[in-house]
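One chain, chain A, links the two complexes that follow: it is found with chain B in the first and with chain C in the second.
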Partner chain A sequence: MKLKLNNALSGWLMVSPLMLVLLIFLVLPILMILIVSFWRATEYSIIPDFVFENYEFLFGSPVTYTVFINTFKYAILTWTFTFLIGFTVAFFLAFHVRSLTWQVVCFLLCTIPFWTSNIIRMISWIPFLGRNGIANSALISWGVIDEPVEWLLFSDFSVVLAFVHIYTLFMVVPIFNTMMRIDRSLIEAARDAGASGAQILWNVILPLTKPGIMIGTIFVVTLVMGDFFTVRVMSGSQSANVGRLISNDISLLQYPSASATAIVLLLTVLIVIGILLRFVDIRKEL
Partner chain B sequence: MEPRTRSFYFLVFFFGLFLLFLYGPTITIGILSFQGEMGGLTFPMRGVSLYWFFDLFEEQAVGDIWGSFRRSITLGFMVMVTTIVVSVMGGLAFRKKFPGSAILFYLIITALVIPSILISLGVGLMFSQTGFDVHWSTSGFGSQLTWTLPFGLLIMFAVFNRFDKSYEEAARDQGATPWQTIRFVVLPIIAPSLIGVALFGFTLSYDEFARTLLTAGSKNTLPLEIYGMTTNVTSPVLYALGTLTTVFSLMVILIFLLVALRVAKTKARAGSDAGKGLL
Partner chain C sequence: MTNYTKRNGLSRRTLLKTGVAAAAGTLAAPMLWAQSNIVLRQTGTGVSAYNEIAKKAYEDLGITLEMTASDSDTAAQRVATQPNSFDIADIEYWICKKVWPTGNLQAMDASRLKNYDKIAGTFRSGKLTPTSEIAQGTAPHTVGFTSGKNGTDFIQEESGWMTLIPTIYNADTLGIRPDLIGRPINNWSELLNPEFKGKASILDISSIGIMDMAMVVESMGEYKYPDKGNMTKAEIDLTFGIFTEAKKNGQFRAFWKSFDESVNLMASGEVVIQSMWSPAITAVRSKGVPCVYQPLEEGYRSWGGGMGLAATLEGAKLDAAYEYINWYLSGWVGGFLMRQGYYSAVPETSKLFMSDDEWGFWYEGKAAKGDIVSPQGTTMESAGAIRDGGSFIDRMGAVACWNSVMDENQYMVRKWNEFIAA
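On to the complex of A and B.
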């Protein structure tokens, strides 16, 4: 009994800094947003109150639904591509690169581009994809197209491309991590039993990699759903997601309305994550 | 060793394409930062020059870029050190079940998945409504921790899941106090992963802008300065800045690697087998 109490005490003591940070900078801010979402706003100030007009306006506006559908569309498209690319890359690194040194080298190669500011990297897609950009001139010189394609930039294509570009690594790492823990003798056993390469991939490796896929999915989906900058830059302000709705309100100092949208976004994200977490026990799979 | 199959070469090709895709923007920035004096943000190149790099050092062209750079570095180190200490303590604590650990775990997951702009908005509102001033070293610092700590903790969970407890038991059997066990056995073994946590902490903080957007106050960090520049600076000076920051990051990473190599060498010389149990 005494030992148990001691354990609890030392445990709490050790996590107290963590709890303090999460309390002040996570729990309290969420409560603050929840409170402010019931306040009223004038053009230049916010007034404490308890009204539902922010939520009424949010759910009454057709824009909200378009924007939420857009957000899900980007999340699903980005997930599909990051999963396909991420799985293939992780598979290559885990099963075909045979020495640890080479795996480290490959990972370093993948991470170097991330040390350029995200914002600048995103902006540099513009000269890459634009009318006179590298992509168009390359395609023309290869004879694939006759004149520059317009939809490369400021379209859903460029938005998803930018998302895939920044977030694929978030898929690669957890999938690679689970793949490395697959017992290699299982694969040998499958081969001895006469399975083809594709069958091994589909019936052995894919199911065993599921936890990693789930963790990667959680990262990618939440990052895309919470984004507010990529969509603005890459769609040339022609398309919006929920994050942009919030940041627009913030720049107009409409904090109560921003808060209401933020609460709805948070609930949506938490529900999605709740569903995903049913498929994986994160702590066991790390 | 089995012979390489055809799928291997396909995958090498695929990986090469992936790298090309990752480096595309970085290369574009690299080329365009040498844009001639009359050139713009996009192709074609109008000559080749170092003009925009020199422009970067002139105060009026880019605002307080060097001040913000210094602040970002300082903040990055603050976040890095805090993340290491708090994650190690948290990781150690989570090895035993303590009451409330499940709730705390879900809180960590929430911190990880919550859209960054909510932290920014919430912390900003909280500070302004309670009459505190937002500042990068207080509210900005805390907001960034809500992003780096979950990462640090997840890495620590992964590390301790693979940790062989018999090392600790051996230390205890030989009469080591709990503190000695941690200081001389546990910490040296997990040290290599701590370099990873440090790297994560620093880079996540150094590049973070959504969580500091409303919490940094009047003194900007580098990503915020760049964010501001994207709306009002329309010259290749942006790309010059991008190239310089990439070079800087490469240097930081090289230093980290050298330190890691040195640590490994010293260890090998001392004949200690600490850390070997992980491999």
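On to the complex of A and C.
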């Protein structure tokens, strides 16, 4: 009995540093945001109160819906491309590169772009995609187009392109990781049983890679939904996602309204993750 | 947002030297503060946060200036929410209208300002010359005075208590690429001319952008505002209606928020006509790309910067702050800023620190006789060049409106968000 108590106690003690850190740096700030979201603001001050006007305005404004739809649009598009690219790259690394040395070398190659800041990686697209940029002049000199293509820059295209560029690695790493743990004899067995390459991919590898895909998905979706800077720079300030709405509010000292939007965004992201986790039990499969 | 802090090095030797000099009792010279190690933290919009000024202030006064620069919204936020984080707020008059009521700034006693009488009329009576008309919007003199040291109100006459001490100001207009447009541009309405579809831009700072929009709407003949600087909800809706339609039709290539974005848009040819700030034009030109700060028939949209004292300043630090401000208005800084293309609040004193040719070019609108060189040493214009828009009186006399904070500001900001998301 005594031993059992001690066990429970030491268990609590062991998790308490982490709990403390999470409590101070995660739970408290979120609670603070939640509280402020019910306050009122004038142009230069915030007033403690308990009113629903921030939420009323948020749900009553057509902008909110456009902006949330936009946010989802970016998240879904970015997810699709990062998944397709990430899965292909990871598959190649895990199953086609035979020697461990080359796997490590190729994997490191994938991470090289991450040695520079992602703001720099993003901004370098601007001169490349511009009206008189390298992409347009190359296409013109090849005779593909007669006039510069305008939608390459400051459009949804450039926003999604930058997102895919920045976040694909977040998909590659977890997928590669789970693929490496797949027991190769399962693939041999499938082949012996007469499965074609496509069938092995669909019926063996894909299901076994699900936890990795899910982790990558959570990374990409939450990062894209919370971003505001990429959208501002790559769309030339012409489109908005929820992050930009919040940053606009903050810059205009509308902290309560920013908090309300942040809470709604947090709940949305949590719901999305909740739905994703219904498909795969990450903890069981890791 | 850019942030940097500049602190002048202070060796023991210079400290001793200046200390001795001060002890020697040089009463005529400005008081030297080095012996008391006075540090003033200046935070603001960065338009006037030059290291050269901090350096010169240390040489002349022995005051160490720590300058932090940020964009206008961040500066406003800091003054409103972190009153202990600065000693001097270097902001704009429209920001003053927003943050003054917080009581985080203290009023300045005009009788302690040596050059008060020489400050340009725009900042005192509101009139540049006795006959000029007062432009619409948050004109500096309307938020320039308060009732007393701790007043949180605004007074519409020279009360002897100033909220901000004017530092620099300018008249803004549209910047164009004459080589890519190839015809004269004379009106604000050209910003929405379908001829420039996909090649126009406007700035994404609501308080300033709305005024540019109003200038365009009036110029198009769509509506004549009784007061552009204080629109009604219906007027705000109308203005955004016109611009949202243009945005949906693809008129704009991008919106810009920071100085460098506006320079890049213009220099790369993404945009041929846009709202712009004067030094951005210079930056484009210094890349060898032709760019004109086009004077327009309807006049300019103007802005004014000023320095305010933190409410927390007292004692020796407050005295040092007054000393710094008196020094600021005494001419060297004015000359320095005028050579960047801004105007100084006390033009008379700046003249003493500029060559005749510089004064003629920047202030009087005369053709340059020799190369016009920036304080940093880059050649900005060569002989024969004339400043876009002409003389001080021509430019500041044609101001149609000031950057503004309206009564319906919150409504306007929400509409601005809708416009961006549209």
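Everything that follows uses one rule, which is that the second predicted complex is superposed on the first by the 283 of 286 C-alpha atoms of A that agree within 3 Å, B and C clash if a C-alpha of one lies under 4 Å from a C-alpha of the other, contacts with A are read in each partner's own complex, and residues count from 1 in each chain.
Assume a contact is a pair of C-beta atoms (placed from the backbone, for glycine too) under 8 Å apart; a residue touches a chain by one contact, two chains touch by 3 or more.
This structure is a prediction, so every number in the text was calculated from the model and none was measured.
Residue contacts after overlaying the shared chain place A:S141 against neither chain B nor chain C. In the superposition on chain A, A:V21 contacts chain B only, with no contact to chain C. In the superposed model, A:N7 makes contact with chain B only, not with chain C. In the superposed model, more residues of chain A are touched by B than by the other of chain B and chain C. Contacts of A:N132 after superposition: both chain B and chain C are touched. When the two structures are aligned on the shared chain, A:S185 is found in touch with neither chain B nor chain C. By the document's definition of touching, neither partner reaches A:T101: not chain B, not chain C. Annotation: chain A residues 126-127, 130, 132-133, 250 touch chain B in one complex and chain C in the other. For chain A in complex with chain C, the touching residues are 43-45, 57, 61-63, 66-67, 70, 126-127, 130-133, 150, 153-154, 232, 235-240, 244-245, 248, 250-254.
Those residues of chain C that touch chain A in the shared complex are 73-74, 76-77, 80-81, 98-99, 101-102, 198, 201, 204, 206, 247, 252-257, 264, 268-270, 405, 409-410, 413-414, 416-418, 420-422. Interface residues of chain B, counted against chain A in their complex, comprise 1, 5, 7-8, 11-12, 14-15, 18-19, 21-26, 28-29, 32, 41-44, 85-86, 89-90, 92-94, 96, 98-101, 104-105, 107-119, 121-123, 125-126, 129, 142-143, 145-146, 149, 153-154, 157-158, 161, 203, 207, 209-210, 214, 222-223, 226-227, 230, 238-239, 241-242, 245-246, 249-250, 252-253. Across the interface of their complex, chain B is touched by residues 7-8, 10-12, 14-15, 17-19, 21-22, 24-30, 32-33, 36, 85, 88-89, 91-93, 96, 98, 106, 108-110, 112-128, 130, 132-134, 137, 165, 168, 177, 197, 218, 222, 225-229, 233, 243, 246-247, 250, 255, 258-259, 262, 265-266, 269-270, 273, 277, 282-284, 286 of chain A.
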